[in-house]
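Both complexes shown next keep chain A, but they swap its partner, so chain B is in the first and chain C is in the second.
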Partner chain A sequence: MRWLDDGRPEARAELDALYPHTGNAYFIGITGHPGSGKSTLVDAFIRLCRERDLTVACIAVDPSSPFSGGAILGDRVRMNRHALDDGVFIRSVATRGNLGGLSRSTPASVQVMDAMGFDIVLIETVGVGQDEIDIVRLADTNVVVMVPGLGDDIQATKAGVMEIADIFAVNKSDLDGADRVVREIKTMLSMNESADDEDAWIPSVLKTVATHQEGLEPLFEAVEAHRDWLQAHRSDRDRDRQRIEQLVRLVISGEFDARIGRLLGTDTWKSHLEAVLDRTETPYEAADALFDEIF
Partner chain B sequence: MRWLDDGRPEARAELDALYPHTGNAYFIGITGHPGSGKSTLVDAFIRLCRERDLTVACIAVDPSSPFSGGAILGDRVRMNRHALDDGVFIRSVATRGNLGGLSRSTPASVQVMDAMGFDIVLIETVGVGQDEIDIVRLADTNVVVMVPGLGDDIQATKAGVMEIADIFAVNKSDLDGADRVVREIKTMLSMNESADDEDAWIPSVLKTVATHQEGLEPLFEAVEAHRDWLQAHRSDRDRDRQRIEQLVRLVISGEFDARIGRLLGTDTWKSHLEAVLDRTETPYEAADALFDEIF
Partner chain C sequence: MSETQTKQSDASPPETTHRVLIGKVGLDGHDRGAKVIARALRDAGFEVIYTGLHQTPEAVAATAVQEDVDGVGISILSGAHNTLVPEIIEALEERGADDIFVFAGGIIPEDDIATLKDQGVRAVFTPGTPTREVIDFVRDACREQADNR
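The block that comes next holds the complex of A and B.
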């Protein structure tokens, strides 16, 4: 799907043509800090889906490794493990370093996976940036992976990540402090305004040890329970609307990033910078002028 | 400076008027994962600056706490400690949850601090998102705080963070594994393409124990060494250009975020979403139309 990155007109036409074939996959987001064992958990989850004859596509949105620009090693290992299984499709996308923002191709890749007919589309992120939170908002069910012993875990976890969680998996729960993390999550949830709303989904909090395949069945059941809850409480159209809205936002932002990328380093861009340096323009005046230039 | 958030015309006029008074502060970025002890390090660093009669403004870009929407507790404690010292100014800004992106006021706040005449402007972030990397790119010298025992630290640290580091501080270096982290950073640096360039700055790698004020003097000296290196190798105008370019980009992105925020939920927005749900438009066609609407 690398062609999606190039922004070629064929790619766009392809995506338009694919759209009627989308809307059948169930989207699951899995988000966890580096070191949370998220990749192992995803791997175990994929195996569980396969045992149930569900096909799975997984897109891993990961920071690039410092100098290679490629995906981190774990994903390569994982991809090799499932390499011979047609029912599994894994793609790693690096978050872009320099120009900022999510790879433009990510939302499109998710759509392609859906159109390809996979039962489950997993979106895996380290959940540390706004871009990543934006991408997992495409998911129907979001699992947030916590882990004992990462300092003041919950206080430090990005607010957006806590807000999207439908299910908390406290992984590495054979380590000291797992019960404390469970307790803290439950305390936090009880302070949530919607805790008193009988119709609201109360996020489940589960303990897992992904390396030993422990707690995976309950995790799968929790995802199913959330899916049932969604079906009982929201129309298909409402759920689709939420995803489509997020997708459209991501496509618009991607277009903006692409345009600002093309403007950088042009003579127009440079002349405004020099004007600011000469103090004949303020940075805000330059930004206004360049903003108009983009469109 | 809350008025900066409102996007009022007065605020903009104020910023234009302030611009000629900027350009005197030295900007230092301090970036570290949650749990790295970064806040304690910043606090110790501020005290060191004060001992040298340097005034310090610090802007802490932090995730909001899950439900309060406010700054995390540590910053409050820190602000109280320096509350009676006119030579210290600390402001916490929460990263915005819902609409995404950095608070629009952050780059403007940095400019105001500069215009206020502080000798040092510290920009403190958890360095986990692109937005935060974008903001510390405003700094002249960037310190990245690492810590032993956070799993596969270096592999997992966002590439952008590694790339901006002028100085690595391995904090909590009284813990096991500190030397390993130092070694890993040095190995990584030696693989960097610019390692063979004699004129390039080779990032310093230092050990600190901020809670015991250990290693802070060498950290301060490393910042000064980098400042000297910049003065020897880059003209003032080049350094200013770099910061101004980043500032202009942030202002443009902020304007885009504000405009897309105003479009969300309007009738135009909704009618395109319904068209996509009715499959009379694809998400990409809707995005195109809405993109044009923004400008």
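The block that comes next holds the complex of A and C.
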């Protein structure tokens, strides 16, 4: 998997060999504001899955520092109790800026975990970057984690994140204001067009206290209900198609970013830049020429 | 921190992103030292898997393997280094991951440092070591690792 992160060519052959074995895992995305309790919820969810004899892999995404490119990947702090359980595999990944890091390695990691035969693959991200939203779109069921006390933030929460939610988990419900958040989400949902469509999935809204393993059974049931709904309304092939479409897009954009990354700083790059600076070339002409360069 | 912040400008970013695990084993509840090193490494361009307090040697090794790190840095203050650090090395070996290098930091007496090194610990840093020195060590060890892959 390390090769995948680094985009090494060896990885490609391995991936191609693995691919026929994918398509069996159930993917669940967990997205929400920093500190909303995603990792704690993932930890509690893994525990519940293990009680039900389901194996779980988790990809925990954290942002890379835009300055150094480094990252502190601390999600495991909340998941340590599973460290010695063979039925649990946790992998921390950094976004690595936008030059192909996340978009290149994560779809690959996801495939590896799928091929390894895990029943469930969880993907934790804060969901602020476009990359991350793209990643979460790989999931069959998306859980968006909200917390009380964000005030008017429900409206402010990135539209993209709200749209992907199949389930809202109002975590930290031990704190004041959880019911209000639940009401606000429900009000918001009732304004969606799909609210009037009998066949549409109406996102469930439930309260959890991840630190005390509370609300996890209902969360699990909500995931099952969403899965059942998917099965009733879309064929397996359609669901797979949606993920594959996203996967192929991610692989293309990852490759594209990687190629741009390799182009940056080369002589060709610099000479076009200089030409644009000298006003002998327009930015569009330079881009056209450089575009040809990477393909 | 300010010290490491200014330094990152002259440190060229690593060619491939190196990954290291920073963790604490043993019973003491201080992770300040570990956090300082974790942040310094991040600022130097490393991906740091931070596992927090009270890890068992077994859990550290299992995590290191899952996360595919180049190296493991263990912070220790409780005086239990003589048993815990070798146990990590052993656990790594058991998992076929003896290529992952191990370094330690904490209040460790001179004599013990020699013993630990005999047992395979690549470097031991005592309090007061400049973070730059730790970063340089980790970078060199990671590069060596990458060359051997």
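The rule is simple: the second predicted complex is superposed on the first by the 274 of 295 C-alpha atoms of A that agree within 3 Å, B and C clash if a C-alpha of one lies under 4 Å from a C-alpha of the other, contacts with A are read in each partner's own complex, and residues count from 1 in each chain.
Going forward, a contact is a pair of C-beta atoms (placed from the backbone, for glycine too) under 8 Å apart; a residue touches a chain by one contact, two chains touch by 3 or more.
It should be emphasised that the depicted structure is a prediction, and the values quoted were computed from it without experimental measurement.
Peer 1: Once the structures are superposed on A, label A:Leu273 by its partner contacts, choosing first (chain B), second (chain C), both or neither.
Peer 2: first
Peer 1: So, does A:Ser92 touch the first partner chain B, the second partner chain C, both, or neither?
Peer 2: In the superposed model, A:Ser92 contacts chain C only, not chain B.
Peer 1: Given the superposition on chain A, which partner contacts more residues in chain A: chain B or chain C?
Peer 2: B
Peer 1: Touching A:Leu84 in the superposition: chain B (first), chain C (second), both, neither?
Peer 2: A:Leu84 contacts chain C only, not chain B.
Peer 1: Please work out whether A:Gly117 is in contact with chain B alone, chain C alone, both, or neither, and reply first, second, both or neither.
Peer 2: A:Gly117 contacts neither chain B nor chain C.
Peer 1: Between chain B (first) and chain C (second), which, if any, makes contact with A:Phe291: first, second, both or neither?
Peer 2: After superposing on A, A:Phe291 lies in contact with chain B but is clear of chain C.
Peer 1: On chain A, what residues does chain B touch that chain C touches as well?
Peer 2: Residues common to the chain A contacts of chain C and of chain B are 64-65, 67, 69, 72-73, 94, listed in rising order.
Peer 1: Name, in rising order, each residue of chain B that touches chain A in their complex.
Peer 2: 12, 15-16, 19-20, 34-36, 63-67, 69, 72-73, 94-95, 97-98, 100-101, 111, 126, 128-134, 150-160, 162-163, 188, 191-193, 237, 240-241, 244-245, 247-249, 251-253, 255-256, 260, 264, 272-273, 276-277, 279, 282-288, 290-291, 294-295
Peer 1: Note which residues of chain C are touching chain A in the complex, please.
Peer 2: Residue list for chain C touching chain A: 8, 13-14, 16-17, 19, 38-39, 41-52, 55-56, 58-59, 62-63, 66-68.
Peer 1: Enumerate the contact residues on chain A facing chain C in the complex.
Peer 2: For this pair, the touching residues of chain A are 1-2, 5-6, 64-65, 67-74, 76-77, 80, 83-84, 89-92, 94, 96.
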